[in-house]
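Look at the two complexes coming up: chain A is in both, with chain B in one and chain C in the other.
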Partner chain A sequence: MLEAFEAETAELKAALEAQEDEKKKLAKALKKQARALKREGGSEEEIARLETEEDRLKDEAKILKEQARSLDETRDEPYEALVDAVKELFGPMPGQKKPVLIRQQYGQTRWDRTLVKLHEVMFEEEWDYSNPDAMGVLIEKPRIEKFRGTELEPFFQYLEEHIDDMMRPKTTFYWQFITDTSKDSHIFGGIWPEVLGTIYLTLGAMIFAIPMGVIAAIYLCEYAQEGRMVSFLRICISTLAGVPSIVFGLFGLAFFLNTIHISDSKSVLAGSLTLSLLILPTIIRSSEEAILAVPRAYKEAALGLGAGRWHTVMTVILPAALPGILTGVVISMGRAAGETAPIIFTAAVSVGAPLKIWETLNQPTPALPWNIYNLCTEHEAVDEIRHVQYGMVFTLVAIVLLLNLVAIMMRARISKKLRG
Partner chain B sequence: MSKTANMNLIMSDAASRRQRISILLGQSFLFLITSLSTFAVFFIFYFILKDAIPFFKLEGFREFFTSTHWYPSGSPAEFGALPIFIGTGLVTLGAVVVAVPLGISAAVCLSDLLPFKVRQIVKPLIEVLAAIPSVAYGFFALVVFAPLLQNHGGVILSTGIWLVLGPILALLVIVIGDLITEKLREKIPNPKTAGAIIFPVLGILALIFLYRISTNLLGIEISSGTNALNVSIILGIMALPTVVSVSEDALQAAGRELREGSYALGATRAETIIKTIIPASVSGILAAVILGVMRAIGETMVVWMASGNASRIPEPWYNVLQPIRTLTATIAGDMGEADHVTGSSRFHVLFAMAFCLLAFSFIMNLVSEIIVKRSRRKLGK
Partner chain C sequence: MKKKILAMTAAAAVAASAGASDKIVIDGSTTVGPIAKAFAEYYMAANPDVNITVSESGSGNGAKAMMNANCEIAIMSRPMKQTEFKAAAEKGIQPVAHVVALDGLPLLVHPSNPVQDLTVEQVRKIYLGEISNWKEVGGPDKAIVTISRDTNSGTYETFAKLIMNKEKIGGKCEYVGSNGAIRQRVQSTPAAIGYAGLGFVDKTVKALKINGIYPSTETVQTGEYPVARPLFMYTDGYPRLGSPLYQFVTIHLTEDGQEMVEEIGFVPVTAY
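So, the complex of A and B:
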């Protein structure tokens, strides 16, 4: 490979070195002459002339030496650049030591990245800054120009023609994506820690929000006398519903973490509590609606049979309102699963192992919404992991839409029941 | 059950007192839980304010609201949040421009034009739009929409302007045309032909206007896809479901009688919608717009990911093609760095911003509540 090229540079170098030697010899001869003149007491002018001539020759010899050295250095440059580019495309060459990072042990795993890297093999990029007023202009030079006439010339055409067969990945359905843990910071592997974290956060929020929300709804519908107090409570609920989600996050940080120190650092517990506040208004409203939708006759019948108020609520009204309440719960589960802003400061971290259930009390977790943000803005190799980003977004949207679908179906069933 | 009833009937004084006490206790327990969950809002106000006050004490109000230099990490640190406020206002305005015309026309279609069966399918679909997590919208804005905008900016802008200005201009043409024919009716003996001339002329004028604008926009090149326009469009789409469903409710609430009365007076469907139903439900529509604004202003992930996060005022101020920065994005982005130095101005300034957001959304909420209440009273419901 590259033999012709190497031979050419070697020849050039030899010629340069020969010239250098010649110049050096001449300079030496001049020096001798000058010395002899000095000893014999020749004219000053002549000596000076000889000395300047000597200096000039020495300088020229130096320049020639420099040229030869730089030739030595640049000789392999285009070749090594090509080797690097090819390594990026195909991974390390056979027989070479395997790199430590998994991402460097293989070539490109995705077709769009293959095309990008192929382009880098085929073209050299240079930036032209000749116009100081404008931004630099990108110039792409075909790399093949540097290898014209060498044995590597056909390589480029071969690569262009056969890249499809060599690199086109097979499409398969990789369902373990959801249950695998990530390898080499999400370049390989799945998203199980994130999925699990989302499940923990959502269920945790539900554990706090459902009892509080349903009890509040029962109180507002069945016990409270309409008056100033109740309308005040309602204003509070609607204000709570209008609080921006990022403010919930700050509140969670200021209250749960910095004031009552519910855990030492961010934790799933703190995140769940914050999320539960966020979905509380939704749960209260939908439960209220469900309770109000229970026909009056049920309640009157129960009271008429001698049941107390509490008894009526527990045995008649709540069971009748349950599907409606559950619909609201399912919808707010979707909301809790997808919210990012409240968990940024209270629960989410970018990297982490799947948590055991008791660890949720004091440890932060990765979660789907946060990691989507993290992977597509802050990750070191944003372009390399588009597949993981899309996969995560798809998983999250699928979870949320599935929950909403369940809610819509439940609502349809309820309205059918109420009509029939 | 009968057993309880019997016991109630033959209860001794002591037992009845005990029962009354237990009922009282139970009720106060319920009240406690309810007030706990509703008073969470006071907790939020208190704790945000508690951490916001130190900032105002240390730095005062003036710099925060009027300076344009935002270098919280510099020394001396500068906390001029004016560009951030303007950025927030700009994207919110943009979202309103995108969401309101589309949303109101969609609501009118849903409530008055489309058959009931279509409405039953379309409405849940629009609600699903609201259910999609904001980070998914943000991902879309950053990964899909921003490159599109960067590469095909002109085409997207000119189609967008048709979508947004189209409904507005159509409405304007009808209203202005009506006004003119009304005026002419007294002077010209044959008003019908006048109407037949005026409407097409106005319509063609509007079309020419739109065409001129869209061809002008076609030539625009966008240097960076992560800018105020991108965020405005996505926020507009996110606010759309709120605007549609609330204003559709308002249009429905106008009632059958009003519509039938209008038809009985000989009005066409378009006249009924524009002259009767929309004016009758204008306060409900206003409430819908306010709720949409709240949704847009409080949104974090989309603006954080796709607004460019540059804290300077665009030049000119309405230039939506430049990157901006919003309050929510600043809070989300800066807290990670400020958290290590809890207690400094850098930490508290974020709470000051959060307080501004909170106060704004609280006021907006109250206003919309009042509007809805008043409109209900006006419609007699």
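So, the complex of A and C:
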């Protein structure tokens, strides 16, 4: 069929070229006539008529030439479209120059995308807009129709039958996904910078929030005189717990970065501080509850034995309250790991290398919650990298579970020791 | 003893300055984001001790981050405004523009939409709310869902300048925060129209001809396509020659840089 098509186009082209030549000849003859008339001093009207006629013929010749050229293009079109589709499936052909972007250096790396691209090789998509009152309808034309009778005809069947073998293995488990850095903005590679960033941010938030929270709770329970000031403080703490998290993000940007310049750009430090403010109320509240839940007899016994107030708090009350405090820590740690809004303006970026521990003081980091959002909204190749997004979500859930599990186990051990 | 302290402070200063040049923080446009990300990974692969971070929060935020000295490079899909220059200058920062690529602003519709061609005037009327049905521009009888970038984005500013003539977008326009989100909304809504950078056009959406010109590398490069703009990277002062910052903002002049710009879907400023 393609040969017939080719012969037909060649014929058409020849006809068009012949017509073009004829028009050109006519135009030339007209030009000669006009020149002769000018020399002999003929009527100007006649000369102008001849010249416009000449221009018209020239234009027509140009259009014919254009038509012949576009015929050439349409003849190659189906083949070039096929080459492009195959390139997307298998990557560049052997011997071709290696593209700079890694995403162009290989074919499909995932089975579901392979099937999508295979479909694109097998079928041509066309939209039928013939009904003006409705939206267009998708028509899928088997591409093979255009190559019937050519050497390429068996290619389609072969491809369909052997794609399984060509694209092995169908599924793999890739451990290094967690420990590799990403390549070509997440199209290949892993998510280590994000994992590490999340751990830094969570631990950083805990480092600031736990001491602040526990000390505040001890003060409120043991030292503060109940009065207006303390009840005002309590209202403040409850309000802080109800502030939307994005407000913390904006506060972190305005205060830590733009006012006190804690670092010269977004940084893990600024993000940790912002997160610690977010979880502070939870820690204060749960620590308070835990301290109040310690039986009064413990305290009275310690004081009765002559221990000072500070000594009593440190050696009797705090150890007894530890399981309760840890419960608050568990809850807030999960929250700190998963919060997105507070770190948008203070710590999170979409691309970056894994940080060394001292670099957390002045450098921003990718972090799982932000990058999950970023991949699905701002990445230009979002369909190609869904699996990375799913992988990140899974890892984040696993990290939160793991943190909680560790804390729960610690709590269980401590309370067992206390009872025993 | 004094000498020792001096030497130590000198060493500390050197270490600090080395530490400072070891990182490049990039913030700004979601349109230029893909170019910056590709350049960043390309550069980090060759220079592993330089940490480049990219965040995409919109051109306006990029400019703000530059003003507050929170980033080394502000990526922007529009030139910096007079007011932003002024605010930066008052804080002792002198933004210098580097044009890294050209970009068209294709109007995107669902591929099932039979409309192929609009004029600038028609697009303007659609976004003003004066044309509210596809029937009025030769399509089926369906209410138009207009989708725009948020007003903090450089893409929005370009659109407002080149199409809207600075008139306010009217009617029930939906604002979204990134180019990717525009594409997603258009993909899932057959009656939608939106606009995004050239690099975000793929098979799932259809780019319209504007005034009869299809947005492509050629028509943007020749200036035929009416909605086109340069993409910028701004630095504080011209970077010191040979510094990592200098190397980074000149990647687009290398052959590899041009290839990356082109493969992501934008138009290189130079063609060797």
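Everything below uses one rule, namely that the second predicted complex is superposed on the first by the 320 of 420 C-alpha atoms of A that agree within 3 Å, B and C clash if a C-alpha of one lies under 4 Å from a C-alpha of the other, contacts with A are read in each partner's own complex, and residues count from 1 in each chain.
Heads up, the rule we're going with is that contacts are C-beta pairs under 8 Å (C-beta built on N, C-alpha and C of every residue); 3 or more make two chains touch, one makes a residue touch a chain.
Small disclaimer: the values here were computed from a predicted structure and weren't measured.
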{"item": "Contacts of A:Pro132 with chain B and chain C, given as first, second, both or neither", "value": "second"}
{"item": "Which of chain B and chain C A:Thr377 touches, first, second, both or neither", "value": "both"}
{"item": "Chain B versus chain C as contact partner of A:Ile344, first or second or both or neither", "value": "both"}
{"item": "Chain B versus chain C as contact partner of A:Gln104, first or second or both or neither", "value": "second"}
{"item": "Partner chain(s) touched by A:Leu240 [first = chain B, second = chain C, both, neither]", "value": "first"}
{"item": "First (chain B), second (chain C), both or neither touched by A:Asp264", "value": "second"}
{"item": "Which of chain B and chain C A:Trp310 touches, first, second, both or neither", "value": "first"}
{"item": "Dominant contact partner of chain A by residue count, chain C or chain B", "value": "B"}
{"item": "Those residues of chain A which chain B touches in one complex and chain C touches in the other", "value": "258, 344-345, 376-377"}
{"item": "Chain C-facing residues of chain A, complex", "value": "99-101, 104, 125, 127, 129, 131-138, 182-185, 257-258, 264-266, 344-345, 348-353, 355, 359, 362-366, 374, 376-380, 382-383"}
{"item": "Residues on chain B engaged by chain A in the complex (per definition of touch)", "value": "1-2, 4-5, 8, 23, 26-27, 30-31, 33-44, 47-48, 50-51, 124, 127-128, 131-136, 138-139, 142-143, 294, 297-301, 304-305, 328, 331-332, 335-336, 339, 342, 350-351, 354, 357-358, 361-362, 364-366, 369"}
{"item": "Of all residues in chain C, those that touch chain A in their complex", "value": "19, 23, 25, 27, 30, 33-34, 37-38, 40-42, 44, 48, 51-57, 65, 68-72, 110-114, 138-142, 177-181, 184, 190, 199-200, 203-204, 256, 259-260, 263-265"}
{"item": "Contact set on chain A toward chain B in their complex", "value": "211-213, 215-216, 218-220, 223-224, 233, 235-251, 253-255, 258-259, 277, 280, 284, 305-311, 331, 334-335, 337-341, 344-345, 369-370, 372-373, 376-377, 386, 389, 393, 396-397, 400-401, 404, 408"}
